[in-house]
């Protein structure tokens, strides 16, 4: 039995140690990254059982992904694909403030995920399913896998969580918007930036976060404002969360951490104010060190950081 | 002849190069640290003769400590203990703003310091003795050594300087407070944060720095406010020092540097305004680079930094 | 159900990057090491289910150990001890040919292992138990734990494997010999160097490996000759294994790898010639890279290396 | 045919990786630096043909300089000098905010530049000549070379650009001032800080930038105010440029980048507002990464940064 | 005018710093590699004009390739492909003796080379054309490009040089053999290992190098025996070259260096004995440092190494 | 009182971390080196009091030298020269077997040593004086200083030790030979390679080490054969020492270590066989790690290495 099922593509990640044009970086660290596995690690560290499903190459990078997820107590169903390699991310910084990410994921093992890889019984046995809108952009079979998983969750009454995570390198705003609108009615929780929300929502006042959130539809809408905090619209109640003040080292992974914090507290049955605060705290931890997920907090860590004011207001 | 005698435990120090949970740090630098040896180096760099006494293991880390202190012109009486290893510190950062220090110092050579290690004639021949309240928390023999040294200094009219340096990993507030109150009447100079001062002082207005300083008792009381500067109460006169504005790289060692700056200028017979400014400048240098003492200033360096305003006001 | 149970102390390991006196090493890598967990990883990589039991501190290093073993598919029962820290190893090289290892393991969590930590049912459900003679040297409770485990294995007909692993820093030859002789009759497989074998065996011809092996007693005796290969005496048949010729990077862990290779092939029911060759190959892999266990082979890797001649002769 | 000719001394550069006193730096990166070659690279990246002339040692560092400039599409006329080595720079930071640069350039190959090294036809065939007031401070022959080049440019109607770049390690303010005043009438564009401008200008109101600029004389005067932006006086019109807000990693090279941006847009015939904005943007890029020139922008990069307000006002 | 034209795919190269399974490598250096560009650099360093043609991505890695080749005085015609990224190599060592190379080059920019990218006039104006049998394995258009180039060279009487460079990751022995046999009649110089020669040659005595060489056909046949030296069959005369004795750091690139040495001396009109010795010396240099080409020799370097005996015998 | 006085130039040392042409080295370690200070450290580590005299710049590198020597218990009289910088060495490896050292020491502080820097009373109070023939090649004043020191030693009956240390970058064989012949009669111990001995000795049989040694003249002649061991001719008795077998990491400093071992045992009054063995052991340690002196042995280390046979034969 698992609390949360998630799936997607996780890649080996070469991260440049220095700021500047990538061709001058010279020293790189090997790690791994993937939106859904970041969420899986985050929820696992906060105390829940998580299953992650994904395809990896039958290679060292695939083993790196599988073993790292096991290390993090994630039930990693890393399906080795004999016909395609593990995808790669190359991450640098053009300046201290400009992240530069490139992918080698076309026809990668991870992009070859298909409905057959996702056992409906696994999903039905969980309490929540988390997907991102990166997966449908990877391949037709991956897109079908997302639909298949959402259907399995709906049929079993399992909570469906979606992080929009729009990636312009993978598809256009029009393509993404069309797909997102095709699934939004089947989603219980959606995580988005304001700009991502506008891919889905049809509202007369797209600059008003509350109007935007209401136009999205799901029961729980989480809007992320970056360094300005976040907002939740749940059951028609609006909550605003103050940001945590931390020295930012690497912003990548903050959104995944936010989703992980929220889902972990939903699984824990925490009250909504605390749930939103946990989401913000997890997001704050994510930016405090290099690496997309290494700094994610355990429960005991959450009190190490303090929000700039009381945290959540209604 | 030496100007200042100090003693205590100095440890080998493994410092993580990256921010994040220590288990992901992977790359560490080997160095050394110890509150009193940091002060010894600081006073030596500012031009005075300093003797440091301490026990070290008969091992490479003990030799690292002894040779580094010699390099810094400290007369290092590093007594090799055949029966115990040199203690260790492991230093990392959970986030850029949260230092994480662990010790392997239980039953270490340094903790086995005893009165017999401290020659009263050495202390009587100096102009000042500096101790920290870390040493009495290490072992009964180390506690006796501090008492022994203070008595030798009092008997010879040597200035007694005490840095409170409360370490909650070593003893409780109650234990520390009891010990501090047992020696404070024999102390001429005390360095403390406000919170540390409250371990000792009994005052109706513990949030008023001046009242707190007066309640402590010694002729020279130095209260440190971190990034907000410092205050001195000497001979019933209060002085406030503006902080120096520097980019902080590593806060560890700032208090030791402050004490070193103050003691060096007391030894030099500097006027009180300048003495307090030197203390603040030394503290500012300490935070500008990794390592607890490497960045401490020489006299010629002091003018490289500027306080945020005129520096000291009365 | 597990194939092999093992237990002992695993430590965080700071490994110097450069050759020379440790005080000049400056750059260290953080990893972990422990004789029995090295064996656990080795057997797991070769395809069997392994359970490792040990105490660790309730700290980052304890989590490093637990998560790394999980990553390697070892069922890691890392019992967090709230009262003691994870032990440490510091590993350097005085010269390219002289390894220099120091421990900070006195009163460590790992040394506090006790019989209550080892569930007899766990051992009874396995096919083999592996212990090293490091554990009895750590503490009386750890010594009792080894006896307790061997008794549980004997009672259930589980194979008992012992690696002598004599550590002069922990006990004298006399102490080690006495303990070894007290358990050797209950052991089915023993791994030893010739010098270690002489701690146990009483023979007129201690320089004759065959005589030495026969004097030891267990059904399977494995004598390791370092770069000169190995010998097995099993069921009165002697086999000699040629060494593999590889460029040695770090010899630490070779003995553990040898034991892992042998045990994995015993579990797999391999024929004795092949079993001994696998042991040698695993030992050869162990020395090819820094780190005590990182380079251990998977089944598919075994063919990457070639013995210097046909490998095993009788 | 080349658009811009520049010349001077370029040195191999050892840059310390850590902040603190240089003797504790231990890890250094090898690179190269030189005011005029920084400008050459900057103008080349922005799309123009640039020729750099200089002497280098017949050694690895000379080849490092020549090959790096070729890599950057600069026509590098690196004249190998058989009798002198390539000069060196050692760059560290005493604190995060205090750069510490030392030179080993006395009698270096680069300082032996002479008029014969500069073909007047090369200069006459270009559209602009850029010199810095570092070169005349290196040696009498280098000083003659600058004069020779300016004369060749004047004779051919080629724009003469001068960056004051005062280096107190090389000559006194009086020496520098005398030389600068001897050439300023032959200069079309001058780049200076306010303090540098005061080396040349004779004005009653030296604290008024506009008065200072007018007193300098050349048709284009560029005053740089560091983090407070810049000012241009061209054809009697004053323009103020807002600074770009970036996280500063290394300030060295910002002035060279500014000059490169301005010259590139002058060569491109850009309108003056845009030209000044390009200069500021190039300067901003220069400080975003370690290295004096590595982070300089290509045309396509310029839009990655945004000025703090609309950029240029009149 | 150029002396040598070559073309093919050059990739960005992430090279692991440590020996062991790639997933533990963690630290990587960014560089670049490609068989033909290695040859281009080698010939350029030995004093000839070389043109390299290839497609690269319109990305940082493409610019890394182009700028590095310019640095090495190679006329680099790096055609930026807007539709495909620069290919990648990941290079590690499973053990000190086992290189582990993986590619991300499927559909890469480099593999999209086509006949239109190769101007026949460029080839006709050179004295030699060098190709490898890697290129025909990349794509049909790349295969056509090789044929196109050979035809252009034949038509113009330009020497055609072929390095077999069999890559089993790209095609089968049968596929490679078929292609090689289709071009061998149009080749003037062929470089091969014995095993590679057997892909082409039909001989009754495939273990006799001389027979093998004769069966290949071209006027110049170079057989490489690794650490055992090399053999040349030219104009029916057989020469044997002793290997150079050097400490091997990285064997990758040795074959390319050998070809570069031979071609450079052919271009220089050196006598055949010396030409073969230069080829061996260049190959020896290639293995002395990490990186596929960085250590290639200039003319003045050739005398730094000495062959194990007199070098070449007939 | 000191046992040994030595003097000369010690430089800051940038050592490349990688093998290959220096321009690709990129990562450098900062350290220090100098033939005489290497000897000073070596003798100090073996238990004697040593004074080193030399000029250094009034800069960070000068402080690095002074503090490092103090750390090694050498009485370092590092005279800061306000008018010249500390000299530099750049050390790399063209191949694993070819060290590449460059100097920036012309007009350096160290080369400005003069007779006035060497107090005759200091020398007269010692038991031995050690000089190298590097110093006379630095400048006329340095040459005079050596003469001055030798005269002071002769006058006081202090042992005069000379290491030939011929540096072709500093002077010709003729110049060196003339100077050496001018002092050899005043020397008690000379250290030389066979090739260096031929700079001085006039013998009919220059290839016979014994004849060569006899022709040199001093009471103690030490001939070093590198990896083939060494020979001593003392008081007409010839001794041959077997080399120690160690894995060589960096050969620089081996000769200095040899001299240090010999001198330390001469000071200790060891018997000649042992003295020669100590010299060889110290030389062996020197090559086992990077750095010219860091790996030099203490007395307790000497037994860690073993000569290839019994060590010394007569």
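All chains are identified by letter, namely A, B, C, D, E and F, in their written order; residue positions are counted from 1 within each chain.
We take it that a residue touches a chain if its C-beta (ideal position, glycine included) is under 8 Å from a C-beta of that chain, and two chains touch if they have at least 3 such contacts.
What you are looking at is a predicted structure, and each value in this text was computed from that prediction instead of being measured.
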item: Same or different contact residues where chain F meets its copy chain E, judged by the half mark; value: different
item: Of all other chains, the one whose Cα centre sits farthest from chain B; value: E
item: Cα-centroid distance, chain A relative to chain B, in whole angstrom; value: 46
item: Inter-centroid spacing, chain C versus chain A (mean Cα positions, whole Å); value: 41
item: Chain D and chain F, separation of their C-alpha mean positions in angstrom; value: 45
item: Multi-partner residues of chain F (each touching 2 or more other chains); value: 21, 26, 67
item: In contact (per the touch rule at the top): chain pairs; value: A-B, A-C, A-D, A-E, B-C, B-D, B-F, C-E, C-F, D-E, D-F, E-F
item: Residues of chain E that touch chain A when the two form their complex; value: 14, 16, 21-23, 25-30, 59-61, 63-64, 67, 85, 88, 92, 100, 102, 104, 106-107
item: Chain B-facing residues of chain A, complex; value: 246-247, 249, 285, 288-291, 294-295, 301, 304-305
item: Complex contacts: residues of chain F adjacent to chain B; value: 67-68, 70-73
item: Contact set on chain F toward chain E in their complex; value: 18-21, 24, 94-98
